[in-house]
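First, the structure itself, so that you have it in front of you.
Order as written gives the chain letters A, B, C, D, E and F; numbering starts at 1 within each chain.
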């Protein structure tokens, strides 16, 4: 059953975060391989695999939370990719981040927007 | 045009947060009436009135952010009402909050779930 | 194997947090039973069951973190119980919390100390 | 010289926070008497006793920071007293707190305003 | 009236933050032009334009808050410029940041001091 | 007696943080020499010099707190050195950081692990 969680999580991670997600896992292999496994099993194998909320909404939730917390820039970028990979448009991502000015202040939103620009550029995308 | 922002914001606040939102504004009238006005004009008149992201997604974003920040319990409760008022089911609200365990830790998610239960009970609802 | 994680986690939770931990799980049963299960499986079945760091040190780490974050008072109290249950003296708990004044400020440490006093009183203990 | 820090700090604490500050120190006497001493010596004996910034500005800084952090409500109230005791008007305190909406979000400012109302009422004051 | 808020905000932004503030607005033009407008209208056109608290005190409040929050380094630097532009001496800025060790811990204050040094160097100034 | 605190603190800082700690103090000498002194006197001369909790446990507590707060990367690295200098193995440091996923989320733990890898590499060490 554990193997199920890992296999299911790995598929989910690839579906949501794509290559950038795989790189995160790869980066952990030498320093904390068990943490790489937990990251696949719990967030992706357990949580993201749950029915009851669509993946697009889940990624909107993460982009909002990480923008608001403001202390995890690399993970925010991974999940801006994730939001775009699960059906949000660049415009929708921008709207979520802008909205965080209300709940976490203008600096948090501003730093989130700059992260979004970097991601959009990496993907060769266009804002708006 | 200012009056437009206020009127538009007031309608939006009633649509999203309902009576609990009106009470928040009311509670500010004696101590900081201008802040009550800003609260209507900027978050509701400017941000929530924007096209580009549906209200249901906006409220999911706020519930996620306030659960993750973990330091604004009364506002989290207002926006759990807001999420339910804009089309999320209780199940979807629970899913968003549970997911925050991944990004902000189990205590943040746990406190969010207890806030959700209080809101569901206030509304006479059923979890699940 | 899943069942193993749950069973192992449940034993660990009882060992560390005792009755207060069981109450937390119980409180989640109606609103989010799957979250109660995850709470047992991942933190307790996976993390706390790992060799490589003794439980006393693990609970010192949690008391430090929750004191510093300052936004999860109920969980801080649960883990002050946990620290005392895994071999820390009241004096050691006080020392950890006081030390957080250096890293998270005096208000965080002060609120942690007041939480500790409540826990010590619940247990009929003596500070010092 | 240590005795100097303590004596100087104690005078400063009484000047800034008044009775509410003395109560904080008193509340620590049984659980962590050394922490009560450090609280007097370092923040008040060292920091607040420094020339180079007037006490009114120092208390404005603290009210701003604790409002923005949003996780230390009792200490925010103590320092709203402190701000009023060191020359700020209620109006100025309200302005500082409102301004935090820009940097830490509307919920943080809103909770700060409600704390201010409680303090103003304790003092028999009038907002505005 | 909207135009008034924008024009008033723009003047205020230039007065407080100077060129570094204009650059922030410029950096947003392609990714989120409406956010650039809100940034001028609400923080600067509404909040900073209010009577009731002098600009020097307002910038002290922001430097304190951003130092304490510790997750918005670029904006802290902008507002250290702002504090110096509105009448604070370098010494006063240093005092505000040092004081935050008491409320948000030594690391937050330390990182704030290093930000201040960068700003002072950019301006060709002298600490003290 | 003040001189005692400074001398005692300086020895303690060298014992715990080694050269990286001395560099931090050095870096403050021009911008805020008094802060360098306070940093030696209060955290190291007062807190770390207290009996009642061994240094190994104190450093575990700091690594946990700074990982969880997630907004003080340079200081986290200093204290990972500190943990290794006071008797923790690399494995134990990794365990503490991984555990923070439970209390502050996976991004905080992930960023902590990457900081640990940098420190281990600086020391020529091996994870595990």
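Following the convention adopted for this analysis, a contact is a pair of C-beta atoms (placed from the backbone, for glycine too) under 8 Å apart; a residue touches a chain by one contact, two chains touch by 3 or more.
No experiment lies behind these values; they were computed from the predicted model shown.
Looking at the partners of chain C and chain F together, the chains they share are A, B, D, E.
Between chain C and chain D, the least number of touch steps comes to 1. With respect to chain E, maximal separation of chain centres occurs for C (centres as means of Cα atoms). Interface comparison, A-B against A-C: more C-beta pairs in contact at A-B. Distance between chain centres (mean CA atoms), chain B to chain F: 39 Å. Centre-to-centre, using mean CA coordinates, chain D is 29 Å away from chain F. Shared interface positions of chain B, i.e. residues touching 2 or more other chains, are given as 34, 38, 42-43, 47, 50, 66, 68-72, 75, 94, 98, 101-108.
Contacts from chain E toward chain F in the complex involve residues 69-71, 94, 97-98, 101, 105-111, 113-114, 116-117, 120, 127.
Within the complex formed with chain C, the residues of chain A that make contact are 1-3, 5, 34, 38, 42, 46-47, 50.
Residues of chain C touching chain F in their complex: 42-43, 47-48, 50, 52-53, 57-58, 60-69, 72, 75, 91-92, 94-96, 98-104.
If you check the complex, the residues on chain E that touch chain A are 24, 27-28, 30-32, 34-35, 38-39, 43, 66, 69-72, 74-75. On the chain E side of its complex with chain C, the touching residues are 68, 101-108.
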